[in-house]
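One chain, chain A, appears in both complexes that follow, with chain B as partner in the first and chain C in the second.
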Partner chain A sequence: MSVITRAERGARTKLPPEEPSIPQRKGGTAGYWLYLLPGFVLLLVIVVIPLVFNVYLTFTKWRGVGAPDFIGLENWFTIFTDEDFWTSFTNSVWMVLAMVVIPTTVGLMVAALLFDVVGRKFGGKVGSFLRATYYLPQILPIAVAGIVIGWMFRPGETGSVNQMLAVFGIPAYDWLGQMPSALLVLMGVLVWVQIGYPVVVFMAALQRVDPELYEAAELDGANWYQRFTAITLSIIRPEVFVVTLTCTIAALKVFGPVYIITQGGPAGATLVPAYYAYSEFFTKRNIGYGATIATVLTVLVVVVSIIFIRVQNSAERKERAGL
Partner chain B sequence: MARMTKKSTTRALAAVGVVTAGALALAGCSGGGGDTGDGDTLKLWHYEGEDSAMAKAWDEAIKVFEEETGATVEFEQKSFEQIQKTASQVLDSDAAPDLMEFNKGNATAGFLASTGLIADISDAVDEYGWADKLAPSLQTTAKYSEDGVMGGDTWYGIPNYGEFVGVYYNKDAFAEAGLEIPTTYDEFVDVLDAFVDQGITPLAEAGAEYPLGQLWYQLALSQADRQFVNDYQLYENPVDWQGPEVTYATDTLKEYVDKGYIASDVSSVKAEDAGVSFINGSAPIFVSGSWWYGRFVEQAGFDWTLQSFPDSTLSLGSSGNLWVVPENAANKELAYEFIDITMRPEIQAIIGNNGGVPVAADPADITDPKSQELIATFNGVLENDGLSFYPDWPAAGFYDVIVRELQGLVTGSQDAATTNANLGAEYEEGTADFR
Partner chain C sequence: MTATSVIVMPANARRPRPRGGMTKKRPVDWLLLVAVIAGGIVVLVPFYLILVNAFKSPIDYATSGPFAFPQEIDLTGIQNFWERVNFPEKVWNSILISGTVAVLAVLISLLNAFAIGIGRVRGRSWIVLLFLMANLLPQEALLYPLYYMFKSVHLYDNVWSVIIVFTVIQAAFGTYLLASVLGTFPKEVLEAASIDGATRWQILWRVVFPITRPTLSVLLIFFFIWTWNEFLIPLTFLPSNANQTVPVAISVLTGDRLMDVTTTAGAALLSIIPTIVFFLIFQRTLTRGITAGAVK
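And now, the complex of A and B:
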């Protein structure tokens, strides 16, 4: 196997010259570790120890008090045949659609329109105002939003949605008590809550775009879609990665809206892993099994994060290499 | 960067140590105050609503207690959910109160009893004579076995009031529809049919919370005897989940929806909404508990009555919530003195005159006619040995299971046999440790 030197690799991929590094003091980096120690201790106490304890609990049967009973892999065998568990993870796919795919796609378009069209034609203040309105649901506590949504979608003639439909002669419907409407309402709420986040992040990222690029593209005859794909998307790609990653993690862990709006119903149709783990922990006091669900969720989040970060790094390397 | 001297290194290490200790303290902080009993303060938690009969009675009990003992009551208002979900963690710490209200039943007070988190108060019961004031069926939920199964021989709590589930009838709506309040089950069904014929959905119901599950259990009780209750609640024998009682209940509930006795969109309705639909007169019948009584007295603008379920000697019901004394309580003696005050006739009368069901009141002290009617109905259930507890008690988390399975039934996503089978499987799993 031939050995490629760092200089050769740099020459091949045309890497920019490395930034000057912080000068190391003589005697090594031991002194710096002192300052990192509190962070490591916090990480140990708040993350690592509970995580290890949680994994240990997956091999036990425990009601939360007294000593846990060691039962080996029983919880892990159970989880594979547990329909509710699989339902909850299937519903996670819908949550990803509602919290990642739709908001990121729509957010991209909205941010580009606000920046490139509204901002230029109506001024920055109008763009900022619209951005704030999109972000508003993010500020609203989900408990408050959830209760209001619950009122809106009440069954019979008491819910405002049914009242509005009645104006058009559409009969009342049990939105949160039937499938697939309960899942669709939940997803709609998540899209509404979530959409402001990518809009704000993408609009901030677009500040980095040199307006001359758009002007030059326009002079070359590029239409809005071509400018969007060639300039906007290309430049804010890192932010798209960050938004997608953080939203995917949030979608996998979603709990609040389910707890407030549907409580996993009707008949478990909107069950998600975090709510399922919660009900095993606190309602059934089946701590070992709840820990098993939580562990699977944690592993999934970690795996998804690693995949995203690797893809992002790979894309950045290609970009720096000019590929 | 300047080279670190030995002195500065020592200072840095000390700083890191302080930060680390602070972080550990923050992370490990349990909120425990390290209380020790001073004999002067009673830490008391309960979750009764401000305007409820019980809260009014206990406000008065606190005044009497402070006057008579000279001790101070440190009262904290909690929510039912808060205590239900976190009690085992709190009681396992030194932040436990001296006296706490707690839900009764195997999965709740029984669980705490079996884990040693609440104290065996049998000696105090003997000393104060509380057993003499409580009817035998009320004692069942206050006494637990070693495994936490109610009906045992060790006292772990004291109830101050009772509750039961019956049928509320809107008398004005009945008169308007030209109907009589039913006295038999056949008449009850005739009335339901008559309301449906007039375009009225007669039963206020809620499938997202407890009311639908309680109606389901009441229907099973209407076909059951005491042995069925003992099997279901006390695990004396296996429950036949495809047997006549459960099958009748599930089939009949489905029939109620199909025939329009219950609204077809019941599965997402909450208990509050069902109660309000009775209060605002849109549903003339509501099968639910005596805990609504005081509210209906205040808010229902029509004449109404509460009767036990027709042709059924068994009714849902039990003692009310229990006073329990945590094992880690710092002032147990003060807690016992407070419980004793709440059992006095004058405090019990406050419960009775405000829409509650006292367990040790002097009948002469109950002056409110509506309250007299409620207590008379409750006493009728007691005389029949009719209190049959609640369907979710046998296993932790069974409440959610019942809600979920009955939602599946009424939305048509599963049939009655599957519903029974699913309920049975969850029941078996949840009660396996006790049987």
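And now, the complex of A and C:
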């Protein structure tokens, strides 16, 4: 995940003014369309056409060979009475908890501690070192992370978690084979992977806070909590928005860890929409139905993004009006 | 990992100034420090397990358990993985795919962003939104149609299928970011070049490109890493052993759960090394890129 680029994104949402930056000789800005051509063609072939094709497939029954059979809205009727479908979207809520709510809250606390306490009182180097530590899981390919976790939580006596618990006399447990531990392990992995991203982004954002603001507030008798909410949170709000948005979308789309750690099991208990669509495509060969799940997921992602962007824009407007 | 700390260090960071009584350490500060360090240790546990077990023999693992240091350095786990997946081949596939994607995606982002940020074409806010949405979409919504398309043009099980897909997806994000960076490009420079008779093409390559190069190199590196770590698309489009990337190879190998623990640890260790090496090589480029981005 890009840290800088995404943090920068928050700062530069304003669009440039109307006229082109170079004085135009003739033909206005039309000539610039040539520069957009390669990008547009590729976007059309790789994103737009497949997306439309995918929506078309939701109205068909198809096993991937021959021509798709047009069946109208059947897939759409099926999906709303499909228990697995509802389970997968309910599990998305758990994924949001594990990839957005917990990492953002804990990340905010860790960033504030590292910046405010560790950085100030124990030196910037200690702070940077700890920040890098928290960030480390982020550079790990998710497939590798999944495999290591799968191995740690192996059932029986070879799993390292079971071996550790054996020291305390706790018997071996099949972590990934039953509920709710399978879901909890999956969530734990996601928290572990995600935590570094908010820590790093928030620490970068905290550099913007003028220390004199804190000193003034301290002189006025504000306690740590009051300073944190009144000063820190209000200044780094754009970053909180960006982190929440990008992580929410990532949580809705999560696939790799589920594929590697639990395969949606036990008995569909850790099913998520992305994995459900994938298994319909390539395991059960119900292409039309898989396409329907993927379409619902896409609509959800787009709706969530639009809501976020709107909320952020209105918050910015309010702030400007208040100043 | 000092590399990551360099990357994320904002160049214009105002160092926390120790002043007055602020450096005085109260007991509660020590307590908080211990808490943050404890959290960091928890984060590091899986890495520790990878490191110590990669160098153990299976018998050593069985007798001493996962947390102990190896009794003697044993490389059979690493060697097993290296040979079973033909590791150099997988690393080369990953480098080829990620490297080509990074270069092509930066190129296309630059062309798009030139038209949007400097050319200010009509409807550009919609164009930016279109590219942004292309980046945010769940890949599953494109998966089967792309699978079908690649099969019909014989690009299925060919690294170019994955290269093309990620070029478009990464360029979509690059366009979004670069368009806003170029939107704030100093106007005087462009005017001066234009008065000197430079064409748009010359302005792009002789003025815009050199000045934005630091930002472009940061994008290049992130595109490389994001593509390196991708899983779903390579898993789907590159089924044969000879075309697999590092993450797919390790997941396929361990999927059968027959592999012993020390080989798993060896596999994980080998899979992290390229990423870490990459960070170490490019940390200076990254720092410079951020400096340039921050000064604007």
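Please note the rule applied: the second predicted complex is superposed on the first by the 294 of 323 C-alpha atoms of A that agree within 3 Å, B and C clash if a C-alpha of one lies under 4 Å from a C-alpha of the other, contacts with A are read in each partner's own complex, and residues count from 1 in each chain.
Assume contacts are C-beta pairs under 8 Å (C-beta built on N, C-alpha and C of every residue); 3 or more make two chains touch, one makes a residue touch a chain.
Worth saying up front: this structure is predicted, and the values here are computed from it rather than measured.
Of the two partner chains, chain B and chain C are each touched by A:42.
In the superposition on chain A, A:260 makes contact with chain C only, not with chain B. Of the two partner chains, chain C is the only one that A:110 touches; chain B does not reach it.
Of the two partner chains placed by the overlay, only chain B lies in contact with A:286; chain C stays clear of it.
Once the two structures are overlaid, the count of chain A residues touched is higher for C than for its counterpart among chain B and chain C. When the shared chain is aligned, chain C comes close enough to touch A:252, but chain B does not. Counting contacts as defined above, chain A residues 31, 34-35, 38, 42, 46, 64, 154, 158, 282 meet chain B in one complex and chain C in the other. Across the complex, chain C meets chain A through its residues 1-5, 7-10, 12-18, 22-25, 29, 32-33, 35-37, 39-40, 43-44, 46-47, 49-50, 65-67, 108-109, 111-112, 114-122, 124-125, 127-128, 130-131, 133-134, 136-149, 164-165, 167-169, 171-173, 175-177, 180-181, 183-185, 187, 190-191, 193-195, 200, 203-204, 218-219, 222, 225-226, 228-229, 231-232, 235-236, 246-248, 250-251, 254-255, 261, 264-265, 267-268, 271-272, 275-276, 279, 289-290, 293. Those residues of chain A lying in contact with chain B across their complex are 25-27, 31, 34-35, 37-38, 41-42, 45-46, 63-66, 154-156, 158, 172-179, 182, 263-269, 279-280, 282-286.
Every residue of chain A that touches chain C in the complex is listed here, in rising order: 1-5, 8-9, 12-16, 18-23, 29-36, 38-39, 42-43, 46-47, 49-51, 53-54, 57, 64, 110, 113-115, 117-122, 124, 126, 128-137, 139-152, 154, 158, 160, 163-164, 192, 195-196, 200, 203-204, 207, 211, 249, 252-253, 255-256, 259-260, 273-274, 277-278, 281-282, 287, 290-291, 293-295, 297-298, 301-302, 305. Every residue of chain B that touches chain A in the complex is listed here, in rising order: 1, 3-4, 9, 12-13, 16, 19-20, 23-24, 27-28, 85, 88-89, 92, 111, 115, 117, 207-208, 263-269, 273, 396-397, 399-400, 403-405, 407-408, 411, 413-414, 430.
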